[in-house]
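Questions regarding the structure given below will be posed in turn.
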Amino acid sequence: MVHNEVSGEKKKVFEVVELDKSFAGVHAVNKFSFDVYEGEILGLIGPNGCGKSTSVNLMTGVYKQDSGSIIYYAADGTKHTLERQSPPMRARMGIGRTFQTPKPFSDMTVFDNIFAVAMLYNKSLKEARNVTEEIIEFAGFRQIAGEKSTKLPIEKRKWMDMTRVLATKPRILMLDECLAGLTPSEIEESLEIVRKINRRGITILFIEHVMSAVANLCERVVVMLEGKFLTEGIPANVMKEPEVIKAYLGEDYAV
Amino acid sequence: MAVETFRKNMLAIVLFIVFLAAAAVFPFVFGNRYLNRVAIDILFFAAMGNAWNIIGGYGRQTSWASATFFAIGAYTSIMLFLHFETSPFISMWPGMVLAVLMAVVIGLPCFRLRGVYFAIATIAMATISRQLLVYFSDFTGGNLGLSFPIIGPANPLYGPANLLFSDFLLRPYYFIALGWMAVTVVIVWVIEHRMLGYHLRAICDDQDAAESLGIKSSVVKLKAFIISAMMLSFTGTLYVFMLRIVDPETFASHEMSVRIAIVAILGGMGTKFGPLVGALVTIPLLEISNNYLADLGHGGAGWVLYGLLIVVIVLFRPNGIVSLFDSAKSLLARNAGKGKSGGEAGGA
Amino acid sequence: MKKKWLISAISVVVVLVLALAACAPATQAPAAPAAPAAPAAPAAPAVPAGGGALEPVRFLVFAMMTGPNAESGRQVQMAAKTAEWYINEVLGGFPSLGGRPIHLNVVDSTSDAAQAPMPFEAALQAEDYSVVIGNSNSSIALTQLPIVEAHQIPMITGAAANIAISQQGSSFSFQPAATSRAFIPTQLDFLEYYSGHLGIPVKELRLGLIFADDAWGTDNANNTRQQVKERGLNLVFDQSYNVAAFTDATPLITALMAADVDVLLPSSYPADLSLIFTAMGALNFNPLVVGGGAAMTWPSLYADLGDAVNGLTSVDSWVSDQTGAREHEGWQVMNDWYEEQFGEFIPGQAGPTMFSIMLAYSAIERIGSDDPIAIRDELRVIDETTVDWFKIPNGVGDFDNVTGLNTGARAVMMQWQNGRPTAVFPPEYAASPLLNPDTMKPFE
Amino acid sequence: MLFQVIVNGLLMGGVFALIAVGLTMIHGVMKIVNFAQGDFLAMGLFMTYGLYAFMPEHSMPYWLILPVAAGMYLFGMIVFRFAIKRVLNTGDSNYILLTIGLSFMIQNLLQLIYGADFRSIPVSDTFRMGSWEFLGAMFPISRIVAFAAAAIFVVFVNWFLTKTDIGRAMRATAENRAVAESLGIRGGRVYVTAFAIGTMFAGISGLLISPVQMIFPTAGVPFGLVAMSAMVLGGLGNIKGALLGGLIIGLVESFTSTYVNIALAPVAVNLVLVLVLIFKPYGLLGKRRRTA
């Protein structure tokens, strides 16, 4: 029961220290440290294959770190050192995430997709039902609630993934490349949904390699390069930094 | 909610009730011992198919250990009956407890595996338990099996209390089988609309997503496996008191597991009525072909046809025979002009 | 699209057939006397010489025609054909029933006790039978008991050697052949006699018991174990192997050699025996072999191993070449017909089927009725003084009135001599002298 | 004694390995397990048996390797084209059921055509029961031949997969079909070749054991199951794994049979399999494939 360390006035949600992970020689994440503060939308950016997704997979327990520590502060301020907790256990602690490719439960309707999760976090089926209804409303899925999720277009699937996580009553939501393959207008809508989710008081960790998108969403970004921490700060400033530009040379700015 | 789901499944439920009604009068319409015997097998295999379907169909974990649980039920009951004259109504409970233990023993290691690794691991586990049944022949009777003497009305043990009847048409066993089959359908139906059902489907759709949302796949699978094991063990108890002999070769063999799974897969995995339909199609077909083709060549023609049926169904109806009904149903629905979402169609 | 699939599915079958038929000459292969093409064909209903118009008396013969044990089924089928021919052509059907012919309907039980009840029920539903000739596989015979009980038809179990059948309290089952409980003592008596010839005290022989882990093998082994203890013999090796997973015998033989076994007591099936004997040959391990019956006495053994089998001995409930059978003219007629029809001697599964049928035939003749209950009651009455077919299985034949077990049945010991099994022990049934397996000459 | 036990294990393991390699060829490329492999072996046995009738008395059956191999290869191609092809990437249960269906059909067609008598090919006794003595252990001749042949074929497969175009194509396809096809590899052709080779190996295994193995419709069943265990033990889709798996199972069987109790051999084999899977869920040499 350690007190929640207060840095500035903001509470921490995540404190990642010297995180390290290699796959068969490839040093995917290399002594990577960063913090996530409550209520913020933090952008985790960097060129493809710089270890962003791996970091998320480490934080959500898909992989186990070789070394370094991941500390998570629950809503009540309890401090958890995440080591070998399985993904489901972490999800139940309030750590939500989505995947690069949307993963709907294809066999089910949109409603059931969310309901299946809601059941786990509510006493009675009735409550679960209400929660589901609420999320359906929130996401504006009223008219597609009865559709099989396989029938949905790609962007709707992504949005369903994002909102489905809400059924777990998450404290933080990690969105992994949730804009990939979307049209500009769809991207705008997506960002709007992210903001709405954030307004519910849910911290967002926004993983993205497309800078411009991040620029007008996040108040703070952490830049990763070849598995290492490169720099952090306000998007506008960060993007001016020469090494960041260098890192992004040849990378595609446009969306 | 119940109301809504009822509405969703109206057609299916009506059909099922009609079937039960028809089945109830069947033995009185034809006073035919053989037909009843076949029907009993259909019903028992449908029941076991339902049990398998929970883990194999809804959970998409193709388990080949069904026979092990079936045998556990059969052996416990017959051994308790032989040694202590225990009524099956009592001995079925220890049987199910053992089945649960076995399910945990098999499930814990196997559910860490995916796909074929899981399938093969269950085969291995089943082989081990079968071999041990044979090896400890001192009290399992080894491959001799165990059988109990013919008990006529004169004998005090005779009677419903021990599931021993002498009706020439086997009607008591028929209705036991029918009742139990109906119960298994209800069990499956309930599971389908409870958290377990949803989570099983979630896991088999996308295990990673499910886990990222807090669904503990191995726990869910184990739950389903345990329920399925208990149902199989229960069936074993009922079945052995009709057959009155148990031996590993027939009760615990790989073939038995295969036959159980085939009923469910051909009928339609992850559907409430798939196993029943599967049993209704495959078992009579096997009987007919065996009766009429037995004298062809050196015999075995019936089984060739059985194999062919499997191949054909897999090729044409990968979602099982019930998918025929679903196509028909959705056709009706379209004509009726209302779009419905798969009530009976659970299977992907 | 659909059509295309249907076509393809069909063509798969066609291809399968062709691919397998590609090996068709096999059936004519001179090297395979174990596979006569003609006789393996199903038993055609007999067209009685005397009364084509007369309604036949129906016997149901329940045999394993398919699955791993189908060879014994084939033997039973050939036996049925022989008995049918003999009764209809030689004895002119049932004189007491106005010369009605017999019809023996051979029904496939499969080799699997879980499926056996179905075809049995089906057959009994389809026709009225006077007598059932039970399955030679004890597990399957056991599943038949409640069914014949319900249908009230007497069942004579042919070669089934497990005494459990007679202990189930069925009032309709009759077990004419010697059970393994009865023939293990013979086997061990013989061992003593054998060791006498070899000049080694029997108690010094190191016995090795190996058995197929199925119903029959296990039953044999249990009885052997018990008897060996009672006689204070020296059993140094006692293991069963899984018939379904037996792919190589060299490890087993290596173990037997390590245990330094002098006498091998196998209860095995043709495929296992073949593996065992080839492995023994390869590791040149040559103990005395005193088999537990079944495959040890089947023609396929000689077809498979050739002269290597000469000198091997085995116990069995019955051997084609023994005094009981030799001295019975009727039997000799059948024996000759069988041999020229099927090109092999009457094996251990066929003989008991034939005398089971003849016992039922005699019972019917004596009462002049084909009513199952009456037949059942008559079967309880008859014994070898009244029905001479009881002499074929040796001993003093008589069905126990309660259990239906043939209390008099005695087993015999056979030895392979120039390609045929012949009875060599006990002396009263012996048809030939015991030969020294090394020299194939009589012991001097 | 110990040496003899090891010899027994390895000699039998070699044959298991060959069947397992066949299975692995199939699984490696198209990610399915052929539950009818054992029955393909039985077909090989029967083909050998049938063709042997045309051979001079007591000659060695190995001369038949070409026709048997060719026949089985063709058979494999046809089965693939008309059946297997349609269930690729449609979930485990479908191919499992399909191949089980095939297995039913083959076993019973053999029964239908030949009956279930136990047959054997009349090779000369010296060859069949003969053996060489070496360092105090007996080496059954026929088993040595089988082992040697198995070894040669495994080596051949390795060479085939690494040196020939079609082989490389197979490995590429096994890794990632989409990519492979973008490189101009015709997936269909690769698939059918892989399946046919797998089938052929089952047939050849049948031929190799024909001198010691009795021939009847269900003869292949135990081999099929053992081969499956061997493949999984070694790691799916890994040729060396299959080889290793086969040898390990041979040894485990031999040791348990000789030192413990032959009745427990199947238990031991499966126990080893399960234990391996508990600690290495993807087999000894298998690599984790992200199933998501």
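We just call them A, B, C and D in the order they show up, numbering each chain from 1.
The criterion applied here is as follows: contacts are C-beta pairs under 8 Å (C-beta built on N, C-alpha and C of every residue); 3 or more make two chains touch, one makes a residue touch a chain.
Since we're looking at a predicted model, the values are computed, not measured.
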What pair of chains is linked by the most C-beta contacts?
C-D
Remotest chain, subunit C as reference, centres from CA atoms:
A
Between subunit C and subunit D, what distance separates the C-alpha centroids? Give it in angstrom.
35
Measuring centre to centre with CA averages, how many angstrom lie between subunit A and subunit C?
74
Rounded Å distance between subunit A and subunit B, as computed from the means of their C-alpha atoms:
43
Cα centroid separation between subunit A and subunit D, in whole Å?
48
Show the residues in subunit B shared as contacts by 2 or more other chains, in ascending order.
131, 134, 206, 208, 298-300, 303, 308, 311, 315
Quick check on subunit C: which residues sit in contact with 2+ other chains?
5, 8-9, 12-13, 40, 66, 70, 213, 240, 242
Junction residues of subunit D, two or more chains touched:
83, 86, 102, 105-106, 108-109, 111, 113-116, 225, 263, 266, 292
Give the list of subunit C residues in touch with subunit D in this complex.
5, 8-9, 11-13, 15-17, 19-32, 34-35, 40, 66-71, 73-74, 213, 239-242, 244-248, 250-252, 254-255, 258, 270-271, 274-275, 277-284, 300, 303-304, 306, 308
Note: in the complex, subunit D contacts subunit B through residues 27, 33, 83, 86-87, 90-94, 96-98, 100-109, 111-116, 217, 225, 228-229, 232, 236, 263-264, 266-267, 270-271, 273-274, 277-278, 281-283, 291-292
Would you pull the subunit C residues touching subunit B in the complex into a rising list?
2, 5-6, 8-9, 12-13, 40, 42, 65-66, 70, 107-108, 112-114, 117-119, 121-122, 124-126, 138-139, 142-143, 145-146, 149-150, 162, 164, 167-170, 213-215, 217-219, 222, 240, 242
Contact set on subunit A toward subunit B in their complex
60, 62, 86-89, 91-92, 96-99, 103-109, 112, 115-117, 119-121, 125-126, 129, 146, 148, 161, 164-165, 167-168
Partner subunit A, residues of subunit B touching it in the complex
1, 195, 198-199, 201-202, 204-206, 208-217, 341-342, 346, 348
